């Protein structure tokens, strides 16, 4: 009686425990936590951004083009006289959406391929890796042209395209680590208790690859935002006039010498996003790794 | 006072979130030059942690020394700077770790792992160091020593790895060798050979050895003195002869009784009943009280101190000391 | 096939390639070389022998973790030597392994309660969470680990505790055969006794069979029914326990027994110290592999390989020219 | 391979540049130096330095004799007689004469249309050598733009043609003021002075190096650091900054590049003239120039630029929102409609399309911008089998008639025979009157008549508004003050013959 | 090992066959018509058809492929549709500078990246780590063109130290390689840090420490090698991408590299050039990844291929 009591108590404690200790551990890590708050802010902006902007991000004002920072326009105005700050805020949704979703999808597919390739080795590995090699060799622009031709333009397709480009990289990264991990003794132990291949790969090898996936993923988000913009210039993605950060940055290229704010603010937005994701990733990874945690 | 190493009231805790859990709480013992001291004790009682803290190798774990001193040749190791400590490690104090697989660098050839330290501490050049390394491997009974130099740890058997660890630790002629279960993975012939080797260096070079082991046979054969630990504390200390002749602490008695002996086969082996209390909920009194056949009321209330009699024999048990004695000691 | 024979190994062979540098020719370590034996259900066969003689390799071969170069592994009447991974998997529940290196064999990112529940999840997915947890708790406590520790990760344990976790993982499925590679080497004698008692009790209750690899001859004596002595990849003597301990035949067995340390500082034993270099497994001596270190070596020993032969009346088999 | 000097030339100034060498930074790579097979303006700049035609343009796009000393056109407009300049030698030493001229025309004609220049000679029937220095071109129908086209047909040394064959594009030999030295793919093109140039006194510099500097900002920076003496094009955004530098001059010259958006008149709702006009009225051209062109450019007040032959100014659709809305309402589109606008993927186009999008939104036309990579775009425009299959609705694009002639600025854009894939009439503009006049003007030999016909054509088209008429570009270039004589022609090619360093 | 390498190298040949076919198919099926693109805006249908005929683009695809492969076997990569320059020459002129630039970029990015990664790992979660992180994130999230143009402003226009572009002297390589390497450096730094943090927790590091090795010996001699697998992977990948050239950097610094050639030839649908370049890149990726695979085996002897 008393024994069962203690068990269930402990169970409850540990159940509630995981989440709350996670939260507790997380708050311990100041940098990661601040980054997390920033990220939450971004998500909020992505949701309500378009409704709280000081100016309509699309309305031009040809009488006030290319103005510097001022009381009225904190981040200045662009070549059409649109408020840069408003555009940044309104652009959070698209940029964050494309950046994160495409990288996530790419990471997912790449990770699976990498795990399978690394674990099974032999011809499976050869086939997957050589396909990756060829995909690497295909320049993005050519693939993009192909994708537009096959799928047509659209936001979904740009996400797909960016994801597609990042698949081989993730696959190779993960494969490299898999090759290493699969030789470890605890994997052998797992085999010896009869774990199915699936389980070994996804429950045991995969967690070991998470750290590098996190690093690569958080690094790639910025690249993805920029890549999405260059694809939208190829007619693949969002309308070039939609306020996404990458597009804003690319459009401002010609103004780098004359209207620095046009380059600076979108650049800053991407920088901060990537920085916060990286910090967040580091923090998460530390918490997930029982050895580093302490 | 011993002239080489003195550990005084050592306390070690692991932080876990906000909690700090003491796993070692009051370890006292000492080693003189050229002495072999054995530490035995229940698994998980803090032997390895104690030896790590002598080396100050808590660097990356959440563990830390929260009390006590570790005196090594007049210096308190806990006070030394990392740089000074580094000069001591490997050269003056060397250590053989318990887990030979994970303690060897998996991506470095055995030879290199040996040579590096030899070059660093003995000031030999690469060629000489290499010879010394091969010599060492042969001494610890590694077959085909030359070719093993070029192999990686995963290509060796468990026992071979352990011998490599031993070779690494002994290669630099330390003054104190801490050996954490050095012979568990070795067959008895090799074990005998290793023990002989250790004794030899002890005799010839005056190396002191702190031998952590579960094998009471090994203890009986090689140690001068024995320290018995239980639940993070030293519960008894005696010379080998005394200990095996007349163990004082009930835990020691239980241990000795548990040993299976060849030619004396029983259907069931004796084992000490019950469990170690968990470190977060340590009882107030004697930590062994719940398992002790001689338990008294006082055992549950107050923890006995480690008390030494005239000839240096120590115990921590109410059976062999009175409250007065304890008080006398604390006053004195 | 003897009817209650659970495991039979015949002519098993495993050579590991070793290469020194890129362009040198390949050499092989003959880790396991023509090993044959069989184990009856409910019995314990202990493997003893020099470190590096191939015991762990043999264990891994039998457990199918590495592929044999030659030979048969017959488990419950099925030859598994050439079996596919899927077929193997169906035998993984009745056959469990305890690894020599407990720490490395535990998944570093799993709490130990997850590690121990792992076999249950694999082979008994129908169990409810609560049932599983209850089982984990009970096996942990049987192995002497307080359930309080179950939320910790492997690196937070002492060597002996890790070893017990490994044992718990192997026991939780109540397998038929356990290949235990040095399962109690890191345990203090009291807990060791506890575990050995447990193993014996399980054997009695459930007809468990053990392949028990150990260096500790007193433990071996306590637990085994039969003992096989290995030297450099070969079995040199295999016999019922009493025969080995009371009347060892092979000079190597004799040397082993004489080297067992005795837990009594006043008793000084007469151990046979083996002379000579330990031979190279990549290039073992011709003839009897032991002849270079054998105190009784004869001229024939360096020329001819002795064959296994029954000696005496106790099913004692020895490979030694002294008895040919 | 590339030249590299190990000598430390100190500072940023590039390699071993001598006193009379000039560097010109341009925005693209040269594609070919075969004057008969060149289509991009930049390569044309280079061929103009190496080669010359029988006639050529002066600074104001007036036709001047060059390798011909004079020419005569027969009254029926079918025979062109050229007297060739004497004592002219190709850069390989072979002499320039009627044989050489004929060899060049033969090359083009025998290519069976595969050389780009054959397009200029589509009405040429035969070439007749009258004597060593006189040659006659006989046409099969009168062609008003013939002389303009001939400016694009430059003379290659027949010897080199024979030696090099197809590879002439890499080893050009002409009669021009500069001869070929070296072409580092993707990096630079080096020309040196032709010491035997017939026009004595020219050239006045020893060497010209064209450098491909695609980045706008970098080109400007090169001018600042002295790595370039002349840059073209000069990005509009940098003009202000450069004007303050007193060792640098910014040049603005008119161009014949017109910017517009075609409206597919074959498709609803663009088939309604009112809609098209409304769209034109809704367009603030001043804002266009200010925003998209950074203030450089002028309104497009006809179907062609003022520097084009037979240009005639029209009454522009002044920015008038209410009128535009009115017209939309009349057309039944008070609520507007949605449409797609297509365009290239370069940032200037992108900027223009966004501007159009913003403007059209004011009369409730919601535009979707569809930028397409040029190959895809060209396929999208040219693959439809018939006008009804065409998907294009609006196309943001520009045009410049390479030989500055009215035919080149009209036929391919507005003749109903030029519907894709045959030509560039992506407005699918069809006006019987205009069609007739285009053909007639071509065949007339009377310049005044031609002029009035083209005036009618322009008026009709402008009124029909098959385009959104946006603007005419200004060519912007900049050079260091000590360099004189390098200028940009309205078609965007750089003329270097008169280059001079002071 | 020997056998493995030989096998893999021989394996590249049939692979390239398949690859050549895939590439051929892909680039010919992507929309776009080279004849129209080179003919220019004035051209009419007749002229376009004539050009097509001249280029054999009107023949069935399989025949074009056979012709192409036939030429290839005779060592002839064809010539550019656009400029008639032999493809071998077009690529040949650019591959050397591209290769030099790539090597320079990867070299410094590796060295600095690994160093930053090491420092970050040692000073984990303290200020040097934070600075390292900010440097790394800047490296990856600052657009190349921005970095390039700002560098030109500083080093060429203001200080007059370096040429704005071109490769007339070795100085021309400096800024492009910085712009190119920044992102790679960032990646490498982050991966180095991440794996090193993990490795430094391993037991064998403790062994090293117990022998009295200095921190540097431990990091460089013991920990680094086991941490390099992900680093080598990214470095390999990035090197591959580098050789393909970066359009942005080549544009900003007027660098005559493969990237611009590639983009121009794709835009012009200059099939022979695109085909040759893509085959070259495939070959190069296969090769680089072979080397990376071999490095895996060197870095972790447990990884074996057979």
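Just so it is clear, A, B, C, D and E label the chains in written order, and each chain counts residues from 1 on its own.
One rule holds for everything that comes next: contacts are C-beta pairs under 8 Å (C-beta built on N, C-alpha and C of every residue); 3 or more make two chains touch, one makes a residue touch a chain.
As the structure is a prediction and not an experimental result, all values here were calculated from the model.
J.: Smallest number of touch links from subunit D to reach subunit E?
T.: The fewest touching-chain steps linking subunit D to subunit E number 1.
J.: Hop across touching chains from subunit C and tell me the fewest hops that reach subunit D.
T.: Shortest path length, in steps: 2.
J.: Using C-alpha centres only, name the chain that sits farthest from subunit B.
T.: Between subunit B and the rest, the longest centre separation is with D.
J.: Let me have the rounded angstrom distance from the C-alpha centre of subunit B over to the C-alpha centre of subunit D, please.
T.: Subunit B and subunit D have C-alpha centres separated by 89 Å.
J.: If you average the CA atoms of subunit A and of subunit D, how many Å lie between those two points?
T.: Chain centroid spacing, subunit A to subunit D, equals 45 Å.
J.: Approximately how many whole Å separate the CA-defined centres of subunit A and subunit B?
T.: Whole-Å distance between the two chain centres: 49.
J.: Using mean CA coordinates as chain centres, what's the subunit B-subunit C distance in Å?
T.: About 27 Å separates the centre of subunit B from that of subunit C.
J.: Give the residues of subunit E that touch two or more other chains, as numbers and ranges in rising order.
T.: 30-32, 145, 149, 153, 201, 203, 266, 300, 302
J.: Can you pull out the residues of subunit A that are in contact with at least two other chains?
T.: Residues 141, 145, 149, 183, 185, 250, 253, 256-257, 289, 291 of subunit A touch two or more partner chains.
J.: Can you list the residues of subunit C that touch 2 or more other chains?
T.: Residues 101, 103-104, 155-156 of subunit C each touch two or more of the other chains.
J.: Contact residues on subunit A for subunit D in the complex?
T.: Counting only subunit A, the residues touching subunit D are 58, 60, 62, 65, 79-81, 141, 144-145, 148-149, 153, 232-235, 239-241, 250-251, 253-258.
J.: Taking the complex as given, what residues does subunit C use to touch subunit B?
T.: So the residues of subunit C touching subunit B come out as 16, 18, 20-21, 27, 29, 48-57, 100-101, 103-104, 141, 144, 146, 148-149, 155-161, 163-164, 182, 185-194, 196-197, 200, 215-219, 221-222, 245, 255-257, 259-266, 271, 273-274, 277-283.
J.: Tell me, which parts of subunit A touch subunit C in their complex?
T.: 7, 10-11, 14, 17, 184-186, 188-197, 199, 204, 207-208, 288-291
J.: Touching residues of subunit B toward subunit C in the complex: what are they?
T.: 14, 40-49, 61, 98-102, 138, 141-144, 147, 150-151, 155-160, 162-163, 180-181, 184-193, 195-196, 214-221, 240-241, 244, 254-256, 258-263, 265-272, 275-276, 278, 280-281
J.: Show which residues of subunit D lie in contact with subunit A when the two form their complex.
T.: Residues 216-217, 220, 235, 237-238, 240-241, 284, 287, 290-291, 345, 347, 350-351, 353-355, 357-358, 368-373, 375-376 of subunit D touch subunit A in their complex.
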